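Data first, discussion second: the structure below is written as structure tokens.
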Amino acid sequence: MPRRRTARRLLALALPLILLLSACASDAPQDTLEPKGPIARDIDNLVNPVFLVAAAVFVFVEFGVLYLVFRFRRRHQDNDSELPTQTHGNTKLEIGWTVLPAVILAVVAVGTVSTLFQIEDRESDGLTVQVTGHQWWWSFDYDTDGDGEVDFRTANDMVIPAGQNVELEITSADVIHSFWIPSLNGKKDAVPGRITTLTLNADEPGTYVGQCTEFCGLSHAYMRQRVVALPEDEFEQWLADQAEPAEMPTEGDAALGAELFATQCSRCHLARGINDEQYEEEGSGDDLIAGEAPDLTHFASRGAFAGATFDLWNDLDGDDIVEADEIGVELNRADLEAWLRDPPGEKPMAPESRGMPNLELQEEQIDQLVAFLETLD
Amino acid sequence: MTETAVDEALPSAAGAEPHAHGAPSHETSTGISNEKLAMWVFLGSDCLLFGGLISTYLLLRHRSTSGPGPEDVFDIPFTSVSSFVLLMSSLTMALAVGAIHRGDVRRCRTWLVTTAMLGGVFIAGQVYEFTSFVKEGLGYTTNIFGSAFFTLTGFHGVHVSVGIIFLMSLFVMSLRGKITQESAETVEIFGLYWHFVDIVWILIFTVVYLIP
Amino acid sequence: MAIVEQPTAPLELTTGTTPTRPLGVFTRPQSTTGWRSWLTTVDHKRIGIMYGAASLFFFAVGGIEALLIRAQLAAPGQKLYSADLYNQLFTMHGVTMIFLVVIPLGAAFMNYLIPLQIGARDVAFPRLNAFSFWAFLFGGIMLNTSWFMGGGAEGGWFAYAPNTGVTFSPGHGMDFYAIGLQITGIASLVGSINLIVTVLNMRAPGMTLMKMPVFTWMGFVTQMLLVFALPVISVALFLLTFDRLYDANFFNVEAGADPLLWQHLFWIFGHPEVYILILPAFGVVSEIIPVFSRKPIFGYPFMVFSGIAIGFMGWGVWAHHMFASGLGPISVAAFSLSTMFIAVPTGVKILNWMATMWGGKLRFTTPMLFAIGLVTMFTIGGLSGVTHAVSPADTQQTDTYYIVAHFHYVLFGGALMAFLGGFYFWWPKVFGYKLDEKLGKWHFWTILVAFNLTFGPMHILGLQGMPRRMHTYIEGYGFEFWNAVSTAGAFLIAVSMLIFAANIIKSHRAHKRNPVEVGPDPWDARSLEWSVPSPVPAHNFDVVPTVSRLDEFWHRKYQEDETGKVVRVATGEEVAQKGDGTGVHLPSPSYWPLVLAFGLPLIGYGLIFNLGIAAVGGVIVVLAGFAWGMEPADDPEAHALAHTNGHGDGHVALTEGAGDGDGEEPAAVPAGTASDEEAGSDD
């Protein structure tokens, strides 16, 4: 962790200082003090001086009290019948320390309001993604040609072009959630019946993680999301790929898996090109009985599954994040199989009303499904 | 619950007047009796209760995704008449308070009963109104307007009904000789409550029925 | 200087005010000792003690919930228990600590102290006071019985719609939440009306508003906040209850509802609530610091007016809880500004406490240490609060552990520290013996360290991006170390509170074995409660004091000599009242507050499970209300008795000069000792 951040924490936290030194030992991908885009940086630039002011006040009060405690403590030789000078107050002084904080706060207020509007006034550079919170995963709808119709829907991983303002239109299908990628911007609630907006901008291509921050029921802890920023050209390619339906595997386990998928999973999951018909027939669309589950058409192009709770691909460089170049290399077979074996055992859900039930699959069937899912790139 | 404050203690920090029934105390720091002050504070609190309910109604009334809406069910002439009846009850309440201050227990009793009857007419009107709305298809759970409307007016109706019960209690007390010129303040304090409930109704009637 | 006595009021009894037994069947309970007397007491001191005891009990319950939470979070990916149970635990922890611990702790101190500090014999409505306590207790018990009836509330103490609707929270937990809080809300509302009237109306002669102790002032502001904030949460809870039990549509998004309605209603109550929790603590500290600095409070008017300012401004900041809800930039900017400026009056208080210590002779008794604990720890919470007011920054901080750290510094480091200090400070007044100072200091230092160990790391966790209300967290995000530290700290807090419990037991035993008179004024204190014996006799004051300035009691001990120097002219013993007043008429105990309050949770259970039970509860409430109205002001047979003193181990020390109820007028009381005064009567 960079020194600068450590120093700021020391100032910001107002805590026993020694404890803090070891704060730097760990890597924190969701760190709020490490902006990776211009909007998050605006916030950071605003909050840094506030932390400094707070630290100054902290030092003044805490050391002031320490000073008072030592300077004015009753000493053994003191004569208890002697009273200290009985001061009742000092109006000038008190007005002074009423006005002074007010002035300091007024300065902070100016910065706050201007940054607030600066962030709110950011315009999209073209791309708008519709973000919908579900218990307990996020779906992302893309309308690439701007005709007002959703062209494709993806889940867990939101892909954006790097270096551009991307506008999110956020809502929820059930309860209130909150979308948050700390390194790109603050959070914004997903309120059912309302659309809130949030702008993201990532300086560099990369993967940025976050998670739902508004308590949304049973599996709130397992509702995560990732933003993958790609270079412009790769992003265009990604859009084109996602718009295509999946390719029906023709042989081997994958083909059997596709069949199994169509019979077992169509009530909730759609993979375009695989089970369109069955989904049309069986898909309840009823949000309450799972019903609406992630679109799996390009499942294997994502870095994580099950509300981004589990990595879909092995993290080869050991930084705890599956980056774009690690996707498609080495499948995280163990977690995926465990998931198919017993979803509610892996992630708390209420299968009678929410989330994926245990389908009682045979090991053989699990292998087939995994083989099939791996083809959905 | 707090209505019982009316019957509550009559303490005085320095008073030498043990348990005079309902008589105003002149020994409090403010000069206002504890009971009356408590009633004022309670009514202040109750303002916020109705404030919350009225705000809720205003926010929700046009958000229904299905009918019927206000314009489909309201019978404004009918409600105007019952509102007028309730307003008249404020007048009779004031007459009751005036009578007891003069020591005219008999007339006070008459006005108390009249007030209760007018309140009863208002409640009967509300019951009639509610049943006719239900017949027209607006139940409590029908839509969001229904929930908000019945809750707001229902809370007011409960306030009026509680008031009627207290009026009847005052009436019974007066028959038992408990209401005298000395205890005029008890009637007066109840009068505060009754006027408050009426004023709230004027507000509700305006907000719910008159403002489109 | 001689005590200025209030002239004896002329005894003037009109005929027809004789206590009668209107229906013959209603009598008032008579026992003044034994456990039964606690059930029927209307004595504000005993009610205060019961509030304190009940709060400590609920503190243990909420504390165990906290320990379970911390145990689960000690390491990543732990599965000590289910996510569902975790959600219930953090919800009930919050609900318990806020509604069943800190609010009633404030009520405990205010009930006990406000009448004493303003020179009154009781509160304005003693029976209503008893009712408030029982309703709070039964409401709290009802909330907690949900654990045995299908599980506690699981939607968070803030209960955001629509997650708390039947669709998403199908169990009964949220029903218990909505109805249980409604009952404790009724309790607080009645209590606040009672105390407001008490402060306004029952002040001793000469006790103008600006001569009231700061604690009484802060209590008064708190009650004003309660009286106007509670109806708003009542509305919200009614709407939630109607939605859940009767299929209303208030939070039904499909029917067109707006979930933000709940948030506005909740926080319009919820933010004043924050000040309801902290202002009584500010009051406690404002009493302790001057006593142990041996100086008057610095800038009394500023202390009072800053408290009032907080009370007013507290209404204009609620939406800062909703900066991420999508309110729109204009509202966000407005609420940012108001939130920043509410820091000003709070800062004034901190600086005035420091100025009070400046130039004093500080005695570091346990209460003083806890008071300094508030000054230092609350400051940290206040400063992190200012960083939330910076709304763009708040969008990063909100709903993370940074917020959890913030409000624990405010509520634990602030409110609870002060109340613990208050326990040590007023314990001798209430029980007649001091708590052990050595254990007290152990208690303070362990809790200071443990508290910072628990909640300090949460700042770091929050800034590292760890959201709140997660039943677990995954490895590799830098959350492991500080969570482990925090858990260790939490268990150390438990140890520290056990020291407190041990202190109470030890001090009590030591006092039983070898009673040492602490006297009325063990700390050389300033306000009127120290001018009466410890423990306080049932009638509080033999004679109602006449007050001529702030800190009246202190000024009776210290005066300026010829040279203008302030010197001691009397000891506390000398100027204090002896507690042997006679002829004081006290309100009689009553069964009905208890019975009436008992009906409320029955109605609650009934609404949830079976309307038959609700009917029984309703009948109890109606009958008890009727009996309340009908019971005689005093039981004639009990007329010759009076209350025992504060904690029930004393015996009747008073002789009532009044007749036995046959219409005799009270006999003349010995001249010069006391007048026949009322401490507050019923009916």
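Side notes on the structure shown:
Order of writing sets the chain letters: A, B and C. Residues in each chain are counted from 1.
Convention: contacts are C-beta pairs under 8 Å (C-beta built on N, C-alpha and C of every residue); 3 or more make two chains touch, one makes a residue touch a chain.
Keep in mind that this is a model prediction, so the values were computed, not measured.
Greatest Cα centroid separation from chain C: this falls to A.
Between the interfaces B-C and A-C, more contacting C-beta pairs are found at A-C.
Averaged C-alpha coordinates put the centre of chain A at 52 Å from the centre of chain B.
Each chain gets one centre point, the mean of its Cα atoms, and the points for chain B and chain C are 32 Å apart. Our note on geometry: chain A versus chain C, Cα centroid distance of 39 Å, whole angstroms. Of all residues in chain C, those touching 2 or more other chains are 256-258, listed in ascending order. The touching residues of chain A, when paired with chain C in their complex, are 9, 12-16, 19-20, 22-23, 25-33, 40, 42-43, 46-47, 50-51, 54, 57-58, 61-62, 64-65, 68-69, 72-74, 78, 81, 83-91, 93-94, 97-98, 101-102, 105, 108-109, 111-113, 115-117, 119-120, 135, 170, 174-176, 178, 180, 182, 185-189, 191-194, 196-197, 210-221, 288, 309, 320, 348, 353.
On the chain B side of its complex with chain C, the touching residues are 1-2, 4-5, 7-21, 28-30, 32-34, 37-38, 41-42, 44-46, 48-49, 51-53, 56, 59-60, 63-66, 140-141, 143-144, 146-148, 151, 169, 176. Contact residues on chain C toward chain A in their complex (touch as defined above): 82-84, 87, 154-156, 160, 162-163, 167-170, 253, 256-260, 293-296, 298-302, 324-326, 329, 332-333, 336-337, 340-341, 343-345, 347-348, 350-352, 354-355, 357-364, 372, 375-376, 379-380, 383-384, 386-387, 389-400, 452-453, 456-457, 459-460, 462-482, 485, 558, 566-568. Touching chain B in their complex are the following residues of chain C: 6, 9-14, 17, 19, 22, 119-122, 124-128, 131, 135, 186, 189-190, 193-194, 196-197, 200-205, 207, 227-232, 234-236, 238-239, 242, 246-250, 252, 254-258, 261, 265, 268, 544, 585, 587, 596, 625, 628-629, 633-634, 658, 666, 675-683.
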